[in-house]
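So that you can tell them apart, the chains are marked A, B, C, D and E in the order they are listed, and the count of residues begins at 1 in each.
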C-alpha cells in the first residue's frame, strides 16, 4: 500500500519544495546565472541511457519482457501438467523444483511472467492515461473545474487503495488479469493526476506557455504540444511507478485469494504455494523464486525511476564515476569542502624558507592557530615556486 | 564618500600588503576523465583594505574563482592546483587549500566571509534571521552566550540599517534588499578581513542596488576589510572598486586600477566590454558590442580564447597563449597587467610570428 | 480566512464523497451477508438457516437504496454506525474500537520507526553522496520491491518456526489478559516485534529515498553553502540546515502516512494473525458486512482527513513561509 | 474589428501608413489583481489610469523599478489577461477580443517578446517547430518549399544566418542572445504592427544585449513596427527609445522624449532613478542616502504614491493624486511641484535634486 | 514454539488445553444461539451449554447417548418427541435444571425465527407434561431427528428476561463441564464447572485461541501452540504429524457430508446421461482424494456415492460391494453406444459437435480446483475438452450456482444423519426450479418423479423397510443416471495433540465427532485425561 500519498493541496509557493521528494522530480531550471542555466537546460539526448542505474533497470525489464513474450514457448513443461515428481527440490529436470501436483515451478514462473507484465503495463497505461487527462486538464483549466477534479482525485486518495481494489475486484464477474489491471488503474490514477496537476500548474505560468498563448495557439494545442512533452519525465516515472504498484497489487490480490488463481502468474504461484503451505513443508523452492522475480522486476522499475529522476533533476545525478574511481583519485565529493587534487603534488609541500618565520604562532589570542601550526607549515609554501601545472595542461 | 580614490598613485599597491593571494588556481568541473577546465592558473592578489572588482561576462568563471578560493565550490567542482594564501592580521600566511576540515571551519567567516548573489537563497527559510546570524557567531566564539550572540546580531543589523526588531523575522518576511543587507550583516558579524561578494546586487533594481553599494562602502570605511566584488556590470564596478580584474573564459585578461580600466583599457575584451553598454549621461557614444559568443569552456583550444571575437587578432593569437604582463604602453601604471599578445611583442617575435603593435584604441 | 474556508469546504466535500462511495460500493457488490456466511461455512450451516439469518440481520425488509442512504446519514449524525453482521449483535463502533488500538499501536510504531530510521539514513546518504553510503539504496529498494507478505512469511519461517525467536502469530500471549502490567506489555512488545520489523524493512526505502533526494536537492541550495561558509560544524550544517529544510515534505507525507495507519496493513494482520482493523476490513468485505465495512471506511477516511489537516498544520509549523504573519 | 490589413507573407516590408501614426492606444488602463486567501477583498493595484500611444516606427520605453506594473501593462496589451478598467484601441477601434478568432486576429498584429529567453522557448521543441507554428497560425497552412523559404527569411530577419545552422537546434543548444532572437523571430512571423518587448535584454549578458537592441532598432526602422520597450535600465531607454515613460507603483509619473527624460528628469522619482544608475562618467552626480522601498500596492499611499519617499512631499502630495502636468515640450510629469497650486511643494532645481534627496532622504 | 510453556509445560493440575480456531479475533458475545457469536465461532459454547443427546455421527446406527435428556421418544410419524430430562443436573449458578428449561429453549427458537436455524416453520406446540417435554412438529422429522438432539439448552431463569437475539450471553450460565473465566478477542479461557452433574472434568483449563486464517492455525498446531482444532492441512502427514508423530494426530469422523460435482442436466454435454455416466467412469477418484485432498477427505469407493463407514448400513443390496473404478474403455463403450464418435482424439457428440465443457469454481478454493484439474484429465481421456474456470467466489455463489450458470461445478451437500440429505441435495425434484431461477439444492436440475417421490417417502415413512426401499430406488437412479458425481466424503476432521491430554476420539475408537465445535465437545472433554 502506498503510504506517501498526500492530499495536502499545494499552496502555490509550496508547490516546488513539496513536489520534489514526492515525485523525485524537480524542475532544474534554477535562477543561478547563465552558466548554471545552460547546465540545467534540456539535457542532451541519450543521457538517460548513460545512467548506469537506468540501464541496469532497463536490461532487467527487457529480460522480463522477453520472457513474457516467449515464455510459453520456452517453458520446459506445461505449467499445469501434473507429474509424478511431487514436491521435488530444484534439480536439472526441474530448475525450481515441483509443486504438490508435480507441476514444474520454473515453467509456472516463466509462463506466469506474461500475466504479470500484462497486468502491470495495462494498469500502468490506463492509470497514466486517466491521470494525465485529469491532472493536466485540472492543472491547466484551473477554477471550478480544477477544484472538482482535485476533489475527485483526493477522494480516490483518501479511500484506502487495497481494500477498494478488493471490493471492486470482488464485484467483477471474472477476475482475469486484464480486469484486475483495470481495477488497479481505476484506483491508482489519482496520485499521478495530482503530481501532474501541480506540475501543470507551474508549467502554465511558464513564459513559453504564455508565449504560445500570446501567439494565438489553441488551448488544446497548448496542452498537448507545449505542456505535455514537458511532463514526459514525470509521466514516465508515474507510469513506471504505477506498473510497479500494479504488479505488487496483483500479487497481493492473488495472495489473498482474489484474482484468478487459474491463470498463471507469479501471484498465483505464490498463492498456491501458500495454500499448500509450501514453507511449512520445507518446499522453499516453490515460494522463493516467484518472490525474487517480483523483487527483481520491482527493483528494475525502481532503478528506471531513479534514472528518470536523475535525468530530470541533474542534482540527483550521481557524481559521474563510481565511488571506486573517486576513491582512487582521492576525491570525496562534499558540499562546502571542495576536494583539492594536485596532479603534481610532490614538489609543492616544501616550506619556503622566507616564510618559515610566519608559521610560528605569534598571536596567542587566536586559539585556532595553536591547532594549526603543522598544517600551516605544510600549506605555506614557496612564493617563488613556479607554476607547475600549466605546462601539463596546454 | 566614494570608494575610489581618484588618484591612482595614492592607493596602496596590492602587493605591498596583500591579504589574499590566489596563485595559479586551477579548477575543473567533473570528476570523470573528461572534466571541464574552468579556471586555468588564475592568479589574483587582494590588498588589505582594497576593493577589488571582478568583471567579465556570464559564465567566464567569476563565481567559480570566488567559491574555489573559499573551497565552497559544489560538486562536481574540483580544485586541481594552485594555492590561496591568506595573510592574517599577524602576518601569518596560511594556504586555505591545504587546511584540514577543522582548521578550515575555524578560519571561515572570521578570516574571510562571502555574500552570495541570491540573498533569497542564502538564508534558510525556516529559521529567523537572528538565529542565522547568531549561529555563525557562536560557532566561532564557543564561550559566548546565546543572548550575547543575539545582541551582537542586533548590533550588526543596525549597522546595515535594519531595525533590530527584525531579528525575529523570517527571511520571507523581508524584501530582497533587506535580505541582502542581512547577508552583509551576517558576513560582517565576525569582522572578517576579506569579504567576497558574488553579484550581491544583480537581482535588485537600481535604487536598491545603490543603497546596498553605499552601505558596503560605508562599512568598509568603518571596519577596514577588503572586498572582492563580483559582477558583470562594469559601470558599477568602476564606481566602487579600487582595482578591477577582467575575466574572460576562465582567465584574467586585465588587472588594473578601476579608472585605468575604464579610461585606458589595454585588452581588446575590456575595451569591447566598455563599448557594450550605453552611457546614461554625456554624449551618446558609439556602441560596438562584442561580436560572436563566448567560447565553450569544455572545448577550449590553445592560443588566445578571445581571438575569434577580437578585432585585433592575427595568426599569432591562434598559436600563442597570452600571458599576464605589464602593458606595452609607455607611462602606464607599472602594476597593471593585461594578457594580450599585442602587449607581448618579444614573445610573439620569439615564437616566429610577426609582432604587431598595440593599436591606438588600446594605448589611449 | 478564505483559505481556511476553502480547505474546510474541501474537507467537507471529500468527506461526503468518500462516505457516499463507501455506502454504495458494498451495496452494488453481488451477494449478501447471509449467502456469504453460508458460502464461507461450506455446508456447516444448513441451507435452511438462510431465512432465519435474513431476519436476524434485518435484511428481510425491502427499503429503497435511497432510503437506506438517507437512513445511513441520519444514523451517522447520531454517531451510530449500525450493527455488525459478522459479530452480530455487536455495534460496529465497538468492533472497531476493539481493533483500532492494536493497529494504531503496531503500525503506528512501525511507521514512526520506519520514518525516523529512514529519514536519518536518507539524510546520511544524501549528505555523503558518492560514497559507499550510496550502496544502501539498492538494498533498501530490494526490500521495498519484495511483496510484503512474502517477506513476512519468510521471516516467520526463519525467525518463528525455525529459530523460534519470535511468536508466529497473535498480538500477545494468549494466556494473558489485557491490562497494564509489565508482563502483558512485554508480551505485546515481544509479539509485535517481528510484524513491526517487517513493516519497517519493507517501507523504509520510501523514506530513505525521499529524504536522500531532498537532501541532494537542498544541499545545493545556497543557504547550505552559506552555512558551510560560516564555519558551522558538519553536524550543524547537515542537520540544522540541510536536513531541517529537506525534511519538510517528508514530514507532511509522514503525517499522511499516519492517516493511512488506521487503514492498517491488511496483509500484515492476515499473515501474523494480528488483531487489527485491516483484518477486520478484510473479514467485513468477505462477509459482505456492510455496516462494518462502512464503519471502517468511515474511520479510515476521517483518519486520513485528520492526518491531512495535521499535515497542513505541521507544514505550517515547520515552514514559516506558509504562516501568515507580520 | 475590421482590418484594412491583409495578413500574409506577401505583405510588403514597407507597410502602408506613415511612421508616427498611432497604432495601439491604451486608454485609462487599469488592472487590479485579487489577492488570494484571507477572504479580504484586497486587491493589488498593479496598474492604474495609464494612458499612452504606440506609434508606427517609434519606440516607447517604459521604465520603472521592479514591481511597478510594467509587465502587467505588456500583458494587458497582449490581451493575456482581462482588463479591470479602461480600453485598448487598435487603430482607433476598441480592440477587446470576444472570441478565439478575434484573439488570433489581434495577436497577429500585436506580438509580445518575453523577458526571459530561457523560459519563453519550450525546451522540447526545435527552432523549426517554434517558428513553423507561428507561421502556420498567422499565415495559413504553408508547406514544403514555401514554408522553408518563410523560415529562412524569418531567421534572416533576426540575423541568425545561415539559417540551416539554427533551424534544427533545440533552445538549450543556443546562447541566450540566439534564443532571444528566435523569440523575436517567432513574434515577427505574425508580421505584427506592434511589438511588446518586456525586458527583452535584462536576462542577457552585457555583450549580447546590444545585439538585441540593435536588432529591434533595425526592425523599427525597416519594418516600421511600433515597439513598447520595457526595461528598468534607464540608460538603454535613452539609447534605444524615442519616448520614455516612467512608472512608479502602478502609475505613470513622467513621460517625454528619452533624451530629456534621462538628462533632465522632472519627477523626483525619475531623478532618484537616474541618479541611482551607476554611471562611471559622472561619479559625483549620484543620489545618496536614498532609503525606503516601493510602497505596498495593496494599500497604496494616498495622494502621490511616491510621497513617503519623496523629500519634497507636502500635505497636498499626501492627499491628492497629482495629474500628469505638462512640463515642457511633449513632456509631462505627475508631480504637484509643477502645478500652479499655491500649496504645491517646492522642488529643488533639477540639477541639485540629488543633494536635496541626500540631505532630506533620511527623514523620509 | 514460542509459547510452548503456555500449552506444553506446567504441572498436571494446571495444564491448559488450547483449542485453535481460524476465524479471527472475536467480539464478546457468548450467545450460544446466535450464528456468528464468539461462543459458536470459537466453539466454547459447547463446553458451557449442552445438548439433549450425544449422537455419534461416525456411526449413525449407534443409539444416541442420553445427555441432558434421559431419553427422547418419537411417535412413528416423527411428528412428536417426548423428552425426559436428566435428574440432578444443576446450572452452573446452582439453580436446578428442569424440563421447563428444555421447553423454554425450544420455545425460544420457535418464537424467534432469527434463531431458528434447524426447524424453520416446523415447530408445533411445545409443552411440559409430567416433567417431560412434549415437542410437536408440523412435519415428520425422521431425517432431522438428530438436530433436535443437538439443540443447546439455556437456563430459563436467566434468559426469560432477555431478548435472546441480542443477548450477549451474560455470565454464561450453563450445565456444561466448563464455565467462562475470561474473554479477550484473541483467547477465551474456561475453567471446570464446580457444579457439573457428571464427573468433574480433568482438563484444568481450556482455552480457545483465535487465529486469523488456516495458515496461522496450521502453524500454531504444528508448533504445539494449539492442541486441538480443525483445519485443512495440506499433506498433513508431513506438515503436521511428522513434527511430533507420537503426539500429533489427525482423525476423520464420519457423517454423510460429501462434495459433489454438480452436472448441469439441462445443458450440453451433461443433458445426456450417457456422457455423465462415461465421465463418472473416467474420473480417477483415488487420485483426486490422494492429490487434491491429500487423503484428508476419505475416498468414496461405493458406486452409490455413499461415504463409508457411515453409509454402510444404507447401501442398497444391489450395489453392496460394488466399487467405483476408472474404466476408460468402458466409458468409451458407453459413449459409442450412445452415438458418440471421435474425430482423432476429440470426442464428437451425436449432433456432430465436439464435446467440451467448463468446470467452474471459485478461485482460491485450491482443493476443489485441484480436483477439477484431475477431473478434466479424466475428461481428456475420453476426448472431451474440459477447462477449469476459476471465478470470483461471490459470483459463483450468487449467480453461477443458484441460477445454473455452469456446466459442472463442485459443491458440498448438507450432512445430516441419514443419506437423505446427500441424495436430496443432488437429485430431489422437489428442489427443482428452471434454469435461471434461484435453486436451493438440486443445482444440476435433475428431474425424475420417481426419485422425488422416493425421497419424500423416505422422509415420511414410518418403517425402516419403506425407507430402505425408497433409498434403493434413489441409489439406482443415482448410479444409472449420474445426476451429479460425488467425489469424496467430507467428514468432520480434527487435529489434536496428546502432549497435555489424551482421550480424544481416535481412528480405533471413534466414539464421537472429533471436532471441538459441536455438542460432542462436552462428551470428549469428559473423556480427556492429563498426560503424566
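Methods note: a residue touches a chain if its C-beta (ideal position, glycine included) is under 8 Å from a C-beta of that chain, and two chains touch if they have at least 3 such contacts.
Worth saying up front: this structure is predicted, and the values here are computed from it rather than measured.
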Under the touch criterion given at the top, what is the topological distance in steps from chain A to chain C?
1
Sort the other chains by how far their Cα centres are from that of chain A and give me the top one.
E
Maximum inter-chain contact count - chain pair:
A-C
When you average C-alpha coordinates per chain, which one falls nearest the overall C-alpha average? Tell me, please.
A
In whole angstrom, what separates the CA-based centres of chain B and chain D?
33
Please compute the C-alpha centroid of chain C, do the same for chain D, then give the distance between them in whole Å.
56
What is the distance in Å between the mean C-alpha positions of chain B and chain E?
92
Distance from the CA centroid of chain A to that of chain E, rounded to the nearest Å?
53
Touching two or more other chains in chain C are residues 3, 29-30, 129-130, 156, 161, 219-220, 225, 227-229, 245, 248, 270, 319, 321
Contacts with two or more other chains, residues of chain D listed in rising order
36, 176, 205
Which residues of chain A are in contact with two or more other chains?
34, 38, 170-171, 274, 280, 319, 326, 333-337
Tell me, which parts of chain C touch chain E in their complex?
29-31, 35-39, 42-43, 45-53, 55-56, 84-90, 94-95, 98-99, 156, 160-161, 164-175, 177-178, 269-275, 279-280, 283, 288
Residues of chain E touching chain C in their complex?
1-3, 6, 16, 18, 24-29, 34-38, 113-118, 120, 165-166, 168, 182, 184-187, 189, 207, 209-213, 215-216, 219-220, 222-223, 225, 257, 393-395, 397-399, 412-415, 440-441, 490
Within their complex, chain C touches chain A through residues 3, 7, 10, 13-14, 17-18, 21-22, 25-26, 28-30, 111, 127-132, 134-135, 137-138, 141-142, 144-151, 153-154, 156-157, 161, 203, 206, 209-211, 213-214, 216-217, 219-220, 224-225, 227-229, 237, 242, 245-246, 248-250, 252-253, 256-257, 260, 263, 265-267, 270, 281-282, 285, 293, 297, 300-301, 304-305, 308, 311-312, 315, 319, 321-322
Can you tell me which positions in chain D touch chain B when the two form their complex?
65-66, 175-178, 205-211, 214, 232-236, 238-240, 262-263, 272-274, 276-283, 285-291, 293
Residue positions on chain A within touch of chain B in the complex are 31-35, 38, 319-321, 325-326, 329, 331, 333-344, 348, 355, 358-359, 361-363, 366, 368-369, 371-372, 375-376, 378-381, 387-390, 393-394
